[in-house]
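Okay, so subunit A shows up in both of these, paired with subunit B first and subunit C after.
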Partner chain A sequence: MSQSYDRGTVEDFGRWRSFTAGMWAWLFHKFTGWVLIGYLFTHIAVLSTALTGEAAYNDTIVGLESLAIVRLLEVGLLAVAVFHILNGVRLLFIDLGTGLEAQEESFYASLVITGAITIASVPTFVSGVF
Partner chain B sequence: MSTQPDQTDDETESTPEPDAEPEPESPGERRRAEKAARAEAAEEEAADAEPDLGDDAITLKVFRYDPEVEGKTEPRFDTFRIPFTKGMTVLDALIEARDTYDSSLTFRHSCRQAVCGSDALFINGRQRLGCQTQIADLDGDVVRVEPLPHQDVVKDLVVDMEHFYDQMEAVEPYFQTDETPDGELEEQFQTPENREEIKMSTRCIWCGACMSSCNIAADENEYLGPAAINKAYRFAMDEREGENMKEHRMELIEQENGVWRCQTQFSCTNVCPKDIPLTEHIQELKREAVKSNLKFW
Partner chain C sequence: MAEHYSSFDRSGTKWLLQRVTAAFLVVVLAFHFFLLHFVNHAADVTFAGTSARMSTWTYFSLMVLFLLTATFHGVNGVHNAIVHRDGIDGWKQTAVTAVLVVASLIMVVQGLRTALVWTNLF
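Our next item is the complex of A and B:
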């Protein structure tokens, strides 16, 4: 029997510096997927507690939208959603076996497009609170 | 190195020639004695100084660990300076280090031409074959060599490959068929198209680089891993094995620890020294599995 040596957590996580595009894509996709689930539940919870009447609903929405932090989180949510959708489409193509040679490029493209859309959305999202 | 005396006393370099012998002697004898002493001192000095390894000497940092020798049970890195020669591979440099400096440096190698699959190593943060990696192709002149990640280290650069071999065996990595031709001496042909389809998958040399690179296969996880799935692909796609056999193979491939564990991170495809499109093969098997299970009629 061989002697084993536990090289520690560095084994599994400390090598992120040498992660390749596909690994980052996987990590980001997991992360964004779960953020979206988290948002979905919060979204349902907030809206359903605001359904006691027209005024309550408006107060909740206007109240939330007047907070700068909420506006910033919305920018983040958009970024997360756009990346998840674009990379999700990339994954669907990979599942269909097309464009596997371009998997790195398509990941970078997802990132760049996500960045562009996010930046373009900033004026709309933050207008009026700063 | 071993033939040279251990020189730890720095003063030998700076002190002038040692005193002449006490016995009376002729001036000629004294001169000869002084000359001999000077020559000796010069020689010692030369041995003391860093040997000239040429301008493009490289630095090899090698992971060392030996559970059986006291004082070596703590993993550490040893540094070797190796003269660079044109066409030198990382394996050549390791051999040079072992033969010149430390014969206890342990690593596996055999063919030195990317055929036997025994020297997959973690070189500069990536799984590569030592014998296939040109030092000139690596960035910088520091080469860092570690044993394959996600496998137990037996000693220095040698990892325990048992789990990898078990996974390879688990997919029945040999040709088997119940559809042999009728005539006793009749040959069993494979169409050129079919041969082309499995061509790349036959190139595996069982080096384990792919398995080591895969986050999902990390640890003693039961996931079959890219190499075993590729091996399964090689036979499942071989039309000569026949329908029954293919069904049997698909069962192995579709099981809980089979293709569905793959998360398409492409790490295996990136590191495979034989350029096997592993992810492509795994994805094709996933589609085969879906096709054989989803029937709407």
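Our next item is the complex of A and C:
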């Protein structure tokens, strides 16, 4: 069963802080997981234009990729995916029994690395559309 | 205070399968982004390019496994969140499960049909 938590008293600042990091991690993981599965349904729908024929597939992809909004959404999707992967790996390690002591640090590290990878990828993702 | 937050009941098969698929997806999803955004630009994807990739056994089987595991992992995650965490039962639980199973099946079938159009392996 998922554990319930006792937030402790408001003055107990240390407990309040550790509650927050774990809670944010949980929330972000949920949000990014739902975005990814939502994307997968859309993705298969778009790719399945190939069933109608080669031209339909090519035109759909060229059409979508020429829209700036699609490029920006792709950057967003990358951020979502990178966070879900890194945080997911972090959770897998915790399940295997290591890393719980450093869970806040590893969560912040996931955030920073996600940010860095996302920013570094912007040029590649938007090239040719603006 | 909980030491650790998880949406899953840690003793179940669904919990285990969620971890196993996650371990596989780490590699494949990262590879997928890398291949289709950096090695090949997403904007330059064409039917011919996709076909060439999908016509090798390695890539084809990887993509089919990716489709199956991502669908399972994503839908199992959603199912778990709705049914177990929010604690619904009875006919509501049956309805949610049925909708998710049907939606996944439609998507997997559609994905497989698409994969078969791309490939020349058969």
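By definition in this document, the second predicted complex is superposed on the first by the 110 of 130 C-alpha atoms of A that agree within 3 Å, B and C clash if a C-alpha of one lies under 4 Å from a C-alpha of the other, contacts with A are read in each partner's own complex, and residues count from 1 in each chain.
Definition applied: a residue touches a chain if its C-beta (ideal position, glycine included) is under 8 Å from a C-beta of that chain, and two chains touch if they have at least 3 such contacts.
Predicted, not measured: the structure shown is a model, and the values here were computed from it.
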If touched residues of subunit A are counted for subunit B and for subunit C, the larger one: C
First, second, both or neither for A:Gly33, with subunit B first and subunit C second: second
Touched partner set for A:Leu100, first subunit B, second subunit C, both or neither: both
Touched partner set for A:Ile85, first subunit B, second subunit C, both or neither: second
Which superposed partner A:Ala21 touches (first subunit B, second subunit C, both, neither): first
Touching both subunit B and subunit C, residues of subunit A: 2-5, 7, 15, 18, 22-23, 25-26, 91, 94-95, 100, 103
Residues on subunit C engaged by subunit A in the complex (per definition of touch): 1-10, 19, 22-23, 25-26, 29-30, 33, 37-38, 41-43, 45-48, 50, 67, 70-71, 74-75, 77-78, 81, 85, 103, 107, 110-111, 113-114, 117-118
Contact footprint of subunit B on subunit A as seen in their complex: 2-5, 7, 11-12, 15, 17-18, 20-23, 25-26, 91, 94-97, 100, 103-104
Contacting residues of subunit B [partner subunit A, same complex]: 65, 67-68, 75, 125-126, 149-150, 152-154, 160, 162, 215, 218-219, 263-267, 270, 277, 279-280, 283-284, 286-287
Residue numbers on subunit A that touch subunit C, as the complex places them: 1-8, 15, 18-19, 22-23, 25-26, 30, 33-34, 36-37, 40-41, 44-45, 47-48, 50-51, 54, 57-58, 61-62, 65-66, 74, 78, 81, 85, 88-89, 91-92, 94-95, 100, 103, 121, 124-125, 127-129
